[in-house]
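A, B and C are the chain letters, set down in written order, and residue numbers restart from 1 in every chain.
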Amino acid sequence: METPTNLQYTSNDEWILVEDDLGTIGITDYAQDQLSDIVFVEIVAFEGDELGQGETVAIVESVKAAADIYMPVSGTVVEINEELADQPEVVNEDPYGAAWLLKIELSDPGELDDLLDAEAYQNLERDH
Amino acid sequence: MTKSNVQPTIFELSAPGRKGVQFPKSDVPTADLPKDFLREELPLPELSEHEVIRHFTNLSQLNHSVDNGFYPLGSCTMKYNPKINEETARLPGFAQIHPLQPAITVQGALGLMYETQKWLGEISGFDAVTLQPAAGAHGELTGVLIIRAYHRARGDEKRVKMLVPDSAHGTNPASSSMSGLEMVELPSDERGNVDLEALKAECDDTLAGLMITNPNTLGLFDENIHEVCQLVHEAGGLVYGDGANMNALLGIHRPGDSGIDVMHFNLHKTFSTPHGGGGPGSGPVGVTAELAEFLPFPQVAMTKEETEETLPFYDLITPKQSIGRVKAFHGHFGMVVRAFTYMLTLGKNGLRAVSEYAVLNANYLQALVKDTYHIPHERLCMHEFVAQGHWEDAPGIRALDISKRLMDFGFHPPTNYFPLIIPEALMIEPTETETKDTLDAFAETLLKIAEEARTDPEKLHNAPHRTPFGRLDEVKAAKELILRTQLPEGYGED
Amino acid sequence: MYIPHTNAEREAMLETIGQENLEDLFQCLPKDGRFPDLALPHGITEMEALDELQYIASANETTQELSSFLGAGAYNHYIPAAVDSLLRRGEFYTAYTPYQPEISQGTLQTIFEYQSLIAALTGMDISNASHYDGATAVAEAVNMAYHTFRGRRQKVILSPALHPHYRETVHTYMEGAPLEIVGEDLDPKAGPEELRPLLDKNTAVVIVQYPDFFGRIFDYAALGEAAHEVGALLAVHVNPLALGLLKPPSEFDADIVTGEGQPLGIPLAYGGPYLGIFATKQKYVRKMAGRLAGETVDDRGQRGYTLTLNTREQHIRRERATSNICTNQGLIVLASTIYMSLLGKHGLRQVAELNYHKAHYAAEKINTVPGYMVNPVQSFFNEFVVHCPRPAEEVNKHLLAHDILGGYELSKDYPELENELLVAITEMNTRSEIDYLIHVLLEE
């Protein structure tokens, strides 16, 4: 399972790439593998939404499960990935690249301290 | 595979001008039709009666059913559905009465409902029973709303926490959140009972109640049921019983006696009304005397007792603090007639035998397969048990593969992947109406499949082979979402 | 009686388990109250049971014995013999939910055909595999609308001419949600234009009935437009049989169509089981509760069907599911699918017209009886309100004394309508039966 070291993670399997004040958010390789074939991605946040850490931004569905995706940190949505609606399988194929879900402008970079680095994420205890 | 089992749809079978039924010509003068409201096209198919009969007969033959084979689907109680129930439900006196007829013209129906309420109450130890809910999940919603209303009527509005064990059916958490309560999950202990320490930690003054399935979905009777109910009661909460597994308890144990306050029944499980391919169900709810005034309306009551000269009189009433109406009219009456026929036929001795033999069959089957399939909680089970469909020396095989392979031998698979707390669960419920020979054949097949898992895993991965259809592509279905027949342009125009 | 075990088999099975007798199997249950002596009679034979049930049934007066003019949400229609003949196939009625599609294609294709028929009849994009009945379908429509806006819109408008049972059910279902339900206290005799001022940016959905509870036909296009202007949804509850004649609610740009499917070949059966129709636009497919069958292929390349979008449902979503619905009305779905297949486009139109013409004949005749009045201007389908010269309850008593099951007394739900009787006419009412009704009304 891939876990790039330039990203930060949540225990709920989201990743965030931070470049200056801009954060790009997606779900991890582990998450897509657990969900298996993804059939639907719905981004429920809109550009301009100011959202707090932990608020729901997207729903990713496979035939056997539906996962709610939450904001890893607070911020304002500046761009959403419209392509995923038509090509949900991209989440399986390229979770850290083409399958980014949304970009945000961080409002409280201090919250990044709550997140995990790649090593800590890999060492999370899993039920299965 | 050369023969195709694909059936054309009724839309594809249609030919313009065919009719399946004729109605008499109008015997009244023709009125002007409301021309602003007339529809221009009605794109429905056109078939003869014979085509309709043949089409649906052919379709029926693609189904596995209780009438044509063993159906050990855990938690669903796929027992035999007696034919007499179908006859009684169709008697004109039951099938051809309108739900809004005056009570005086439907004393038979009301009396039957009243008796059914009494029978169910006596069997389960509850003081009052409503027949309103249309299905088990609907009964749960009703029961949880009753619990909520009870606390509110006492001005206890902070009680919003509903505890649900991790082994529960998905409807339990969904029902509590639908009722505006907050669900908190409780773990199970190593014997499959509710973890008492975890329960104690949650018992505070925000507790609305606990939803418990007993026997639980592992097929185990909670050995601490009295203590569980006591803890919840001491904290001011109420206990909801999911009666999905009542088939283990008829004439054996009354949930009302062990401290359950509210419970739903599934007439389509325990009381032999047919599952109908997914419904209609029926989910009556029993409550303690204290909760009777919260039941949904209408409720059937005997408003005049029998005297030497007159028969009793039955009517519909509204309980004082009723949670309201949960559906139109009064429950799934047709299902109530079937269940009443069943109870009347069996009587108290027959009802007890149902549970004794349901439990006998489950334990027998468990004994036959337990050396081959891991049973995570091995003790005497009730009417069902959970085995694991996974072996370390056959890593590629999952419960799903075993299930699909079972179909090749004419068996319906057990419930898969439930309860969620057991990985690769196979939940097996044989019911009391199956013979020892059937159970032997099923066990033998399970052992044979376990062997195949090591010697020929591909055979399992590709199963089923002998059914009319192979594995369906669920990813394609969910992605393309074809939810109706695609009609050609101009279909339905004359 | 339905237990097949011989004594020898039972003993052999107990030995395999390692227990002495049947009672030992229950040793983990509390001793207290184990094997209660139930205060119930002993079992009886099938022959005796049938006799007993026939006796109970005979205490009911049926719509066969009485002349029935009772509707109000359940209608006495003709059911072709082929419907019940197919329903009695054990392969259909003793199967369960088609979770294993390889051996459930009969049920799955039936659901798919049902969804197709309902979509065609209502004019909507998609239909689910049904809810319990018309009332719960309406409650699910409110629930869906509420969740579509993620709880941010907290007002629901219910027409006062929506079936009272449905409105009551909505209140029960939505008790736990912070919703304001308005519109019910408007004048029930008014039309949909009265609902428009209630619409605002906080409105999730406005729900009307077509034909409405009083049998009237209104055009809801303007209401739909006004609802959409403020971003709210329009839900229309239908009598599906009327859609054999009337234009579908899709022409009002309805977002949700619910219906009571009982007129489509389902016996009255004292109120159930019936059929809750639920259809919507494609864009709301993931917001809709209830089962859905979708077309796909199997691994041999055969076209087949499977339950799909299961991730919306309670068994996967658990407490995050918006509805706890589990079953659908499987067998009733089958009955209505057979009924619609038999009637087809011409049959459904014919039976709808028969209802229409007979109802209009009856209304015109009733208007000639002194003291009785039916509004002659208002369009209606097969049901209408009769204003009586005295309380409707008294009129009904008089009719029943002449073996006529009169209409529905509207005062039961609308106390101010004491003299109003809701009368339904179907293809089952012959002209002579209607004339007899007039004769009895004249006689009092």
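Just so we're on the same page, a residue touches a chain if its C-beta (ideal position, glycine included) is under 8 Å from a C-beta of that chain, and two chains touch if they have at least 3 such contacts.
All figures in this text were calculated on a predicted structure; none of them were measured in a lab.
Peer 1: Could you find the chain whose CA centre sits the greatest distance from that of chain A?
Peer 2: The most remote chain is C.
Peer 1: So which chain ends up closest to the centre of the protein, judged by Cα positions averaged per chain?
Peer 2: Here the chain at the core of the arrangement is B.
Peer 1: Would you mind pulling out the distance in Å between where the CA atoms of chain A average out and where those of chain C do?
Peer 2: Measuring from centre to centre gives 43 Å for this pair.
Peer 1: Per the centroid of Cα atoms for each chain, what is the distance between chain B and chain C, given in Å?
Peer 2: 19
Peer 1: Take the average of all CA coordinates in chain A, do the same for chain B, and state the distance between these two points in whole angstrom.
Peer 2: 38
Peer 1: Hey, what residues on chain B touch two or more of the other chains?
Peer 2: In chain B, 474, 477-478 touch at least two other chains.
Peer 1: Touching at least two other chains at once: which residues of chain C meet that condition?
Peer 2: 308, 316-317, 320 - these are the residues of chain C that touch more than one other chain.
Peer 1: So which bits of chain A are touching at least two other chains?
Peer 2: 40, 61, 63
Peer 1: Within the complex, which stretch of chain A touches chain B?
Peer 2: 37, 39-40, 61, 63, 88, 128
Peer 1: Please name which positions on chain A make contact with chain C in the complex.
Peer 2: For this pair, the touching residues of chain A are 40, 42, 44, 61-66, 68.
Peer 1: Help me check something: in the complex, which residues belonging to chain C touch chain A?
Peer 2: 150, 286, 308, 310-312, 316-317, 320
Peer 1: Over in the complex, which chain B residues touch chain A? Could you list them?
Peer 2: Its residues touching chain A are 423, 474-475, 477-479.
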